[in-house]
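Note that chain A is present in both complexes that follow, paired respectively with chain B and with chain C.
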Partner chain A sequence: MLTTVLGRQPLGLAFAAPYAVFLVLIFAYPVGLAVWISFHDYFFTAPGVAVDRPFVGLDNYTAVLGDPEVHKAFLNVAVFLVINVPLTVVLSLVLATALNGAVRGRIFFRVCYFVPYISASVAVVAVWLFLFSNGGFVNQLLGPLAPDPSWLINKGLAMPLIALFVTWKQLGFFILLYLAALQNVGKELYESAAMDGAGKLGSFMNITVPGVRPATTLVVILSIITGANLFTEPYLLTNGGGPNGASASPVLLMYQRGIEQGNPDTAAAIGVLLMIAFLIIAFVNKRFLERD
Partner chain B sequence: MAQVTADERSVLEEPAPPATAPPQKVSGRSWPRTVLLAIGALLFLFPFYYMLMASLQLKPDTSVRGAFPTSGFTLDNYRSINGRVNLVQSLVNSGIFTGAVILCTVVLGLLAGYALARLHFRGRGTLFAAMLLVQVIPFQLLMIPLYVMIVRSYGLADSYLGMIAPFAINATAVFIFRQFFMQLPDDLFSAARIDGAGELRILWSIALPLVRPAVLTAVLLTFIGPWNEFLWPFLITKDADLQPLAVSLANYISSVAGRAANPYGAILAGACVLAAPAVALFVVFQKHFTASDIGSGVKG
Partner chain C sequence: MNMKKTTTLGLGLALALSTAACGGGNGGDGGSEATSATGPIKIWLSNNPEELAWGNKMVEAWNKANPDQKVTAQEIPAGKSSEEVIGAAITAGNAPCLVFNTAPAAVPQFEKQGGLVPLDSFADGKEYIESRTGDAATQYQSPDGKYYQLPWKANPVMIFYNKDLLKKAGVDPENPPLSTYDEFLDTSDKIVSSGAAQAAIWPAPSSEFYQSWFDFYPLYAAETGGTQLVEDDKATFNSTEGKAVADFWATMYEKGYAQKEAYKADSFADGKAAMAIVGPWAIAVYGDSVNWGVAPVPTSTGIAPEDTYTFSDAKNVAMYSACKAQGTAWEVLKFATSEEQDGALLEETGQMPMREDVASAYPDYFKANPEYQTFADQAARTVEVPNVTNSIEIWQDFRDDYSKAVIFGETDVDSALADAADKVDGLAGQ
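What follows is the complex of A and B.
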């Protein structure tokens, strides 16, 4: 009787319970709370103070959707994704393929590629700030070709530079994912292709690329998650989404609106919109990449 | 989704022969590959080299030749950043934050991973589905409600507890443990049960010793999360004595960013201190950061 209600090993419930409780407290409840806040006139109060927070329907959403700064932030993420996603997929697949075939130095290269991924964003942002500053190393290297105004204060270059930074920082992780996927591509496919006279490029395009397609879906989705999460880079690298909002991200706006300016309701509305946009893109991407 | 198993881990570690060409062609064709890999390595490592070099120069030279200094090495920048942010206190805070998160993640993750892999109980499928769902919700999107809950409702601003709570569980660790527990043979568990061992005993004395590598991997992977985390501790700590190093360094960077003469030397010295522990751990334990471990984490 008890077995049918609780399952064969009810102790599993006890083992999983602390995890499940945290899952509810830290994920499920906050998601609900975010949606609730976004439909109410919400403001911060001291702990324990009860105040009236009237239901305002879609007011917060209309305010957010009519805000040019919000439009710009979402557009900035689009720019970020257009640069970051293809670059990430191509570079990580090419480097993973090269690494997979390498005879010597595999471990050395693996370590090199992974170091940016495991380093703190704040630390590597610091060195990029220095490298790409006005009189910095990169501009010195470029000499007369250096952009004016410089990278981080240039409206057209700030966001692409952030996209480049994130690509560089995350690439090692994606190389490792592709490296694992490449182990599942049959060696005999390459052998028969070589027998049929296919070149290296040919077998890369016709065997490797389709062979790792499931991994590509994952890489694309994880890159999009990174894009939706963008905060530290615009906050520190371009000094709060500058110049003039050219590199502001939705999460940065959520921080500025919600916490700096004390409007958690509009910030929550931005968060909900971002979540919806992300789910739509992830769904379309899954459909698009997984059809045969 | 193609599954990667532990067997393939060994494949990744071994130097596999090139799949595309017969052996006699290897020597002639392998140099473009090596050049490509070397250029990649240079681009990945150069910023770290530059960070270290500039942190050791009193007045970092930004010219191209200045990237290869031969003299003038000094630790002054480290003394200077230590004067601006309390390095020791910040490192202690980072350590407490990271240590507590690792402890919670491993303990809760082991229990949940074991239950999901080896025990049949009601709600197992639901819990697993919920975990998969959680992975696609970016943490940053929960920033506002978590801030409201932890800072405003519970009054946990400027406390270690408030800093740690949102990171106490980690789906990646659960997936790693579940994966490893599932690979253990069934007979092992039925034999122990016949002998009358309780589940807690089986987990502690039989399963746990066998998944020790998974524990190490989970600890290493969990370490880089809180150690590098910036947004959440930044939101909830205003008291400089409680800020982890990532936060105090970031506050220092943004407070001097507007000035004409940026003290990059001191900033980069702080960056080296912040980056060093994670990089050192990774280099020492690099073979535990394998694709399949991470892959099992993100793929389930």
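What follows is the complex of A and C.
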């Protein structure tokens, strides 16, 4: 009986318990609470204040799904993902492959790519503001070719610019993942391919790309999660999702609705929908990338 | 199989925990015993250096006279905004007794959270507030008729201009024509077309809910002779006056007199804009570095300065329900807003205590600092943000529609104001 409940190795439970407790308290409990909140008329109160928090069924979801601002925010993230994910995968794999070879100044380049990743977003955003503001460095370089309205207040360019920013900022981390994965691709495969007459591109496409597929799955999923959590960049780079919500993200809306405006119930509904949407995307991606 | 079992167990436990957590939370609120309790208290002060200097001296004076009821002051903890930090502290139950920087727009939300003590709970509460501030105090009454905030200080906003840049643009720097919309547009045109500055004026074009307090609202208050954005739970701005103000700003943006992209530093201090909409704090900030002048906000017909209203940009003091020694907190609140301490605040920060006729209350100060007199006169005619439920959501909806039509010209002004008014009517009436 005891074996049925505790398993054959009860000590294992003791080892796993601290992390399981951590997971329940820090992840599962808030998720459960968010789901609960999204089905109730809920607002934050001081401790000890008695308020009625009636069950409202799907009302919060109906309100959120009928809100054009929410549609726009999800569409913006879709634009972000379409640009950010492929760009991240391609650039980080190509750069990792290059850095894995015998390149002069390899350590210098590795540091260069990694510095943006470990720098605080606030500081890095300031640099991009200097580059892409109306009178910024990029527009000065472009001269008459500079976009009008300028990058950060152009509704067609604001979100793509954020996607580029995030790609650049995160690249160092993903290069690192690919560099680790590349160490597991056998050198003899490249030698065989070379003997069979494969060029560099052929080796890259037929050996490197399939060889690092598990890392690609991870990179894609992590990039998607980054997209789902997008907040700092629209908050700082485009001043709260501007222009006119063209770069607003669902998490930014959750912050505005839940924290600023005191409507955590609708914010929670956005959060739950976001979680479901991204779980589906991640699941489809995983199946697609690991199909063989 | 085991994995599945564990996952199910984990999820079940999480849901059970969450349900348990959500089921609780009822309790008492202290009542009249708390309002008479005395003891040590904590207060939060704004983080601007002048206010901190005043606050620390005020606390020192109180503690010297009341060693048994010690006040501990600290800056409002860092956060994206003071309101968020205060809101979180209310929810966590660790808000201080008093916050000397409570934004009136946030008060309805804090009140709904059960985080504020109505100051009418104190025997002399209502009488003290109304005798100190006069008729203007009623703007700070909540819909239930109670005062959950003490009107503390105002920063009536006016047009600050850089005389050197105006001169460069060929505008009379001592008497610039800025009183009507036509004059303002004409002066703006000269500033920009002459290259004296990149922008005539550069209000933040971003979409934070409070930005309309520094572009649309002051001019709307002036144009309407002191009408709030919402009155009797109805939006007032979808009117001839509201449209006139919005059209004026739309022209400013369309012609490039105001910029559509946020300036990341201080456009007025950097000479990128020749004018700014600011309160009396600007004198201390720009006093030595800019050759400045001040004018009331413009109106379509050029209403006389002595009849022109503006936005108050007030910051108030509220008492928070987590406070145990509310009796002490009330006495500290009265001490900190006494005639003597208000005078010290004025002296230290240049901000106007919300006292009836502040100019005559401190004649020596205004004699020694005549440049503040204009702001003191303006302080008598200010409009506050409406004290209504969903206040911040109302301002955000207004800002979104305003931004779309006025700043970026994507929709027409009339339909944007009508759309915003519809949303605001729905929210204010809830």
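Keep in mind that, in the parts below, the second predicted complex is superposed on the first by the 267 of 292 C-alpha atoms of A that agree within 3 Å, B and C clash if a C-alpha of one lies under 4 Å from a C-alpha of the other, contacts with A are read in each partner's own complex, and residues count from 1 in each chain.
By definition in this document, a residue touches a chain if its C-beta (ideal position, glycine included) is under 8 Å from a C-beta of that chain, and two chains touch if they have at least 3 such contacts.
These numbers were taken from a predicted model, which means no experiment stands behind them.
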Fit-or-clash call for chain B and chain C when the two complexes are aligned on chain A: clash
First, second, both or neither for A:146, with chain B first and chain C second: neither
Contacts of A:51 with chain B and chain C, given as first, second, both or neither: second
Touched partner set for A:281, first chain B, second chain C, both or neither: neither
Dominant contact partner of chain A by residue count, chain C or chain B: B
Which superposed partner A:31 touches (first chain B, second chain C, both, neither): both
Touching partner for A:7 - first (chain B), second (chain C), both, neither: both
Chain B versus chain C as contact partner of A:129, first or second or both or neither: both
Contacts of A:262 with chain B and chain C, given as first, second, both or neither: second
Partner chain in contact with A:18 - chain B first, chain C second, else both or neither: first
First (chain B), second (chain C), both or neither touched by A:241: second
Stretch of chain B, among 134-142, 152-160 or 206-214, that runs into chain C once the two complexes are superposed: 152-160
Overlap of chain C and chain B interfaces on chain A (superposed complexes): 7, 20, 23, 28-29, 31, 33, 37, 44-47, 126, 129, 133, 135, 239-240, 259
Residue ranges of chain B touching chain A (in the complex, touch as defined): 1-2, 4, 8, 11-12, 15-22, 26, 29-30, 33-34, 36-37, 40-41, 43-45, 47-48, 50-51, 54, 60, 62-64, 66-67, 108-109, 111-112, 114-116, 119-124, 127, 130-131, 134, 136-149, 152-155, 165-166, 168-169, 174, 199-200, 203, 224, 227-228, 230-231, 235, 246, 249-250, 253-254, 257-258, 262, 264, 267-268, 270-272, 274-275, 278-279, 282-283, 286-287, 289-292, 294-295, 298-299
Chain A to chain B touching residues, read off their complex: 5-13, 15-16, 18-20, 22-23, 26-31, 33-34, 37, 44-47, 94-95, 98-116, 118-131, 133, 135-137, 140-141, 168, 171-173, 176-177, 179-181, 183-184, 187, 190-191, 194, 200, 203, 214-215, 218, 221-222, 225, 228-229, 231-232, 235-236, 239-240, 251, 254-255, 258-259, 264, 267-268, 271, 274-275, 278-279, 282
Contact footprint of chain C on chain A as seen in their complex: 7, 20, 23-24, 28-29, 31-33, 35-37, 40, 43-51, 53, 69, 126, 129, 133-135, 149-150, 152-153, 155, 239-245, 256, 259-263
Of chain C, residues touching chain A in the complex: 2, 6, 10-11, 13-15, 17-19, 21-22, 25-29, 81, 83-84, 87, 90-93, 95, 109, 112-115, 198, 204-209, 259-262, 264, 321-322, 390, 392-393, 396, 400, 403-404, 407-408, 410
